[in-house]
Amino acid sequence: MSVERSIALIGDFYRQIHAVGAAPISIGGDHTVPLPVLRAIAGDRPAGLIQIDSHADTFDDFMGTKYNHATFVRRAVEEGLLDPERVIQIGLRGTRYGDDDTDYGKQVGLRMVTMDEYEDMGRAGVIAEIRRVVADGPTYVTIDIDGLDPKDAPGTGVPEPGGIMMRDAQMILRRLTGLDIVGGDICEVVPALDPTGITCINAANLMFELTCLAAVAIDRRRT
Amino acid sequence: MSVERSIALIGDFYRQIHAVGAAPISIGGDHTVPLPVLRAIAGDRPAGLIQIDSHADTFDDFMGTKYNHATFVRRAVEEGLLDPERVIQIGLRGTRYGDDDTDYGKQVGLRMVTMDEYEDMGRAGVIAEIRRVVADGPTYVTIDIDGLDPKDAPGTGVPEPGGIMMRDAQMILRRLTGLDIVGGDICEVVPALDPTGITCINAANLMFELTCLAAVAIDRRRT
Amino acid sequence: MSVERSIALIGDFYRQIHAVGAAPISIGGDHTVPLPVLRAIAGDRPAGLIQIDSHADTFDDFMGTKYNHATFVRRAVEEGLLDPERVIQIGLRGTRYGDDDTDYGKQVGLRMVTMDEYEDMGRAGVIAEIRRVVADGPTYVTIDIDGLDPKDAPGTGVPEPGGIMMRDAQMILRRLTGLDIVGGDICEVVPALDPTGITCINAANLMFELTCLAAVAIDRRRT
Amino acid sequence: MSVERSIALIGDFYRQIHAVGAAPISIGGDHTVPLPVLRAIAGDRPAGLIQIDSHADTFDDFMGTKYNHATFVRRAVEEGLLDPERVIQIGLRGTRYGDDDTDYGKQVGLRMVTMDEYEDMGRAGVIAEIRRVVADGPTYVTIDIDGLDPKDAPGTGVPEPGGIMMRDAQMILRRLTGLDIVGGDICEVVPALDPTGITCINAANLMFELTCLAAVAIDRRRT
Amino acid sequence: MSVERSIALIGDFYRQIHAVGAAPISIGGDHTVPLPVLRAIAGDRPAGLIQIDSHADTFDDFMGTKYNHATFVRRAVEEGLLDPERVIQIGLRGTRYGDDDTDYGKQVGLRMVTMDEYEDMGRAGVIAEIRRVVADGPTYVTIDIDGLDPKDAPGTGVPEPGGIMMRDAQMILRRLTGLDIVGGDICEVVPALDPTGITCINAANLMFELTCLAAVAIDRRRT
Amino acid sequence: MSVERSIALIGDFYRQIHAVGAAPISIGGDHTVPLPVLRAIAGDRPAGLIQIDSHADTFDDFMGTKYNHATFVRRAVEEGLLDPERVIQIGLRGTRYGDDDTDYGKQVGLRMVTMDEYEDMGRAGVIAEIRRVVADGPTYVTIDIDGLDPKDAPGTGVPEPGGIMMRDAQMILRRLTGLDIVGGDICEVVPALDPTGITCINAANLMFELTCLAAVAIDRRRT
């Protein structure tokens, strides 16, 4: 099957990157991408996860398949790639197809921050909560661009109104400086759905921030 | 005349919907649409009105005609379809063609909330004020999509900078749960002016919220 | 050289406008435009400057030339057209090509408000700071549309994520009523990069606000 | 009524242009515009008409009004502004609302060239037929941009698939050099529906060609 | 599996339409759609096929699955829904993933008209060839919008440069009047990739032509 | 100066490509790009040139500079990189800034084919003329995407109505198989001006054709 084969190929590639001590920062592609990346870099020790996203991506299956953009977090927990106690999901919202995703999250102990809770906590509160959840362990950052509000990221497959503002996403990332970041990605950017270019510009900017975080972390690990 | 005839035809159609006890949720179309809908559903008892809009739509005439998107609120008050004491207009702003619209609003007692006042009150204050004004009586909700800020709704005929953010519009609607909603609409969406699709996505989302409000209200009226 | 010649021609034109006592409100065009305008209207007495912009425009040279959109503020200070003590720059942010620009600003005493400081001060604090810096002297207002966040102004050459919201820009301008405004401009609007039209709509709206400010100031100077 | 008043105001303005011997080249605006222009410049002697358009614009009334973009040719013939024997309409096609328009054209003798006949004649044949119909008398050229195929002019209100290619429109106009052109216009361009800008570019180019035709004609009339 | 289930559901629905003697005209959706439609209407007697498309859709499998937009013609021939001797494919072109598709077509006798052959034959020649191939038997018409040139249909998933012009597609369809059309469809239109709207406008227009063809055919079958 | 420095850097890079016997196919970038490429690959022996373009690019200077997109052909002839007797320019048209460009072309013997002559010759005639002009010598192919009609390439800086159709550009390139192609490029593609993506799709397709031409030529040179 082609999806499984793609996942295997991606995993092989990232194992080479991981072998040289680099922290991969990737740009997707659909939100299945983090799974093979985590297989490559978190195989020896489960990672924490900071996930900016409107969807939890913890369904057991989605439209009849097990490996896709709506299931990767669950697969990664099941495979022991993520430590569920060190996973935080920020920006959850939107219409739902069932409760299987969040039920699973509650069961294994993912920290799920809906937009309502996000607003109640405020930006500083959210940053503090992220730091509390992932603490000092190795941490991966995944950004589904649909975590942003559609006015900041119209160029994506499943936009969900009422999301995180770009300025806040920037500031949240910057305030994570010092965490032990082992990699990151930005997924679900679709340039063909982005006539103004704003989604690409914002995604590039967030990738820049991720790269800075990873650079600081690598520097720390070396010293 | 074609506009008058269209209004009559729309009214006839909505009378059939009203007759079976349904609460119509409509998507326009120009902001004349609520007038025939109100004739159908508020004929027996004047309704309250929650109006999210950048314009008050209370001119006596506009470009030489009496029935159009800039006059429907005044016509509805004159015809006894709306109880002016139970009308609240949120998001008013923009350059003006004259004072006739707001003068009328003051005269008959409409509650007009400009963007400046909206900011001073805060979202929670606005929600409380809406609930105070419309209270327990039957209430119609009309959303001119230009009530939103143009970055949330560029696809409309008369965008006015400096408006309501989509997240706030969502939350205002959700907090109206429990009011006696008898119908609602979203007007002035122009897909041909919406190359990113954000206006359509946001309008569909607000329609979903309206439908939830109406469903709860119908359920209450039945029990 | 064509740029220098264009600058000279623009200066000549504005001198005629200035001669009749008018306060020019211009729409650009690249952000070199304010330089010849200031030469025409601030030749006799250095002006203060309120600059909404993501870039300081104070490099000494940029891509090998001295007169361009990245150097105009420095040139104007050097030529004695601006009083550096009465210059305030709001919205500074973004990736940088060097420190030469902000180093210069610090050296001559420009008041540089980055987005981080902007957030800390809040809108009311920024308005108060503007009024403190420019005080009662003659003041020019220049708006690089990229000072706004890209969702409010995607149609520009160098969009920088995480900027000023349109509503705030409107309110900042309105609260400057009463200052001695001698002219203003909005630059870097690129309609061909603006498929939704929002950049043009917002720019037109800000120009309307600038015109009101200048009208009040002219009226005051006459009385 | 506002439409009638607008038509009167436009007519007054063009009378001043006509009085100084100029041949007005206008850009619309809806296709009602040629009526007041013709009143100003063809009042003394009926003009011939070269009309590139997908619609004949010869209905008696349209949506209940007499003066609009679907009736202007009929009104102009009735008012004696056009000599029906010297009118040629090129590019007619599309779904229809009735036969009243083409029935009228047949009755008064307009030369109607449908797209099918256009293809049969070929470009050179069409040019020859235009020259035969309008001959040496004073002639007005009106271009409804929807006469072009939608791929050459998507930015218009009523695009009709299967129309004239831009290259052919250019060449037809150029081959009219030497006719006694007394004015012309390009109508129905809607920039907000033109995200690629192609409609505006093509309209500007055709306006350039019209201007050249008028310049040659004025030069001839003077000598 | 969801695709197979969708196909089954679509087939059930079309069987009801077929049962009342209607000729279904459908708009897709991906180019798998014709398969269940043909199962419903060609189950008793194999149909002929007129296919306007840049791809032959005759692969045996595509990306690991058997039922999709790149295989439907082969599946329909295998299932006896199409008479391969009465299938004609017009507009074939583009880069290829293998020869399996056209090899199959040659083997079972499909009439494949590439763009090169299309140009050599000319529009009238193509129309004559279509009539010769499908002759008097029941015939289905399927249009993959990517058969058109991208300038006539940018809003599709796999645009292929150098295709059929819209005017020609219109005229080909019109000249098929009198054939025994039993249904038709237009697939692969993607509004989100169509910021100018031209793809939707052209698709709607072709659907109108298809409907006319089917109406004439139904009328003939009844008399 | 930065332009001269960029040109030098590009030339150094291409010299490395040329040194290994490869035929570079480049995508620009502005139409200055071919100059350093030609310096790298045609230094030893002047090349012929097939140029698809709406402008001749043979001005002596343009807006005060010598090295830019409007002068590269002239510079290349002057530097002995091109054999003027083996240069053919196809698709010339549009408004002009002066006659200096075509005067130069006539003087040194460039074969200039305007759109009018292109139409008179027909596609086959143009192909024959190209083969006659460049004959068997080493030949470079440069495509300014504005040589295409704007409906095939709206995403460019200086679109000129009435140009070459994409299908014809494809076929012209394919018919050049067998010429001694030493390299090629496609310039002036601007993705930010291409909301439908058609310019990028067509440019990628032409690049594919160029690559095929070069591959055949390299294969021939090796045998």
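Should a chain be cited, it is by its letter among A, B, C, D, E and F, assigned in written order, with residues numbered from 1 in that chain.
Just so it is clear, a contact is a pair of C-beta atoms (placed from the backbone, for glycine too) under 8 Å apart; a residue touches a chain by one contact, two chains touch by 3 or more.
Because the structure is a prediction, the values reported are computed rather than measured.
Trainee: Please report the smallest number of touch steps linking chain A to chain D.
Mentor: 2
Trainee: Touching both chain E and chain F, which chains are there?
Mentor: A, D
Trainee: Counting C-beta pairs in contact, does C-F beat A-F or the other way around?
Mentor: Per the contact counts, C-F leads.
Trainee: If I average the CA coordinates per chain, which chain comes out farthest from chain F?
Mentor: B
Trainee: Which one of B-D, C-F or B-C makes the same contacts as E-F, at least in over half of the residue pairs?
Mentor: More than half of its contact pairs match E-F, so it is B-C.
Trainee: Express in whole angstrom the distance between the two chain centres, defined as the mean CA positions of chain C and chain E.
Mentor: 58
Trainee: When the centre of a chain is set as the mean of its C-alpha atoms, what distance in Å lies between chain D and chain F?
Mentor: The answer is 39 Å.
Trainee: Once you find the CA centre of chain C and the CA centre of chain D, what distance in Å lies between them?
Mentor: One centre to the other, that is 45 Å.
Trainee: Using the touch rule from the top of the page, what residues of chain B touch 2 or more other chains?
Mentor: Counting only residues that touch two or more other chains, chain B contributes 151, 192-193, 195-197.
Trainee: Graph shape for the chains shown, where an edge means the two chains touch. Line, ring, star, complete, or other?
Mentor: Here the contact pattern is something else, fitting no line, ring, star or complete shape.
Trainee: I'd like to see which chains touch which, written out pair by pair.
Mentor: Here the touching chain pairs work out to A-B, A-C, A-E, A-F, B-C, B-D, B-E, C-D, C-F, D-E, D-F, E-F.
Trainee: Using the touch definition up top, name the residues of chain B that touch chain D in the complex.
Mentor: Listed in rising order, the residues of chain B that touch chain D are 1-2, 63-64, 192-193, 195.
Trainee: For the complex, which residues does chain F have touching chain A?
Mentor: 192, 195, 197
Trainee: Give the list of chain A residues in touch with chain C in this complex.
Mentor: Residues of chain A touching chain C: 151-152, 166-167, 170-171, 195-198, 201-202, 205, 208.
Trainee: Quick one: which bits of chain C touch chain A in the complex? Just the residue numbers, please.
Mentor: Going through chain C, the ones touching chain A are 95, 115, 149-151, 154-155, 159, 161-163, 193-196.
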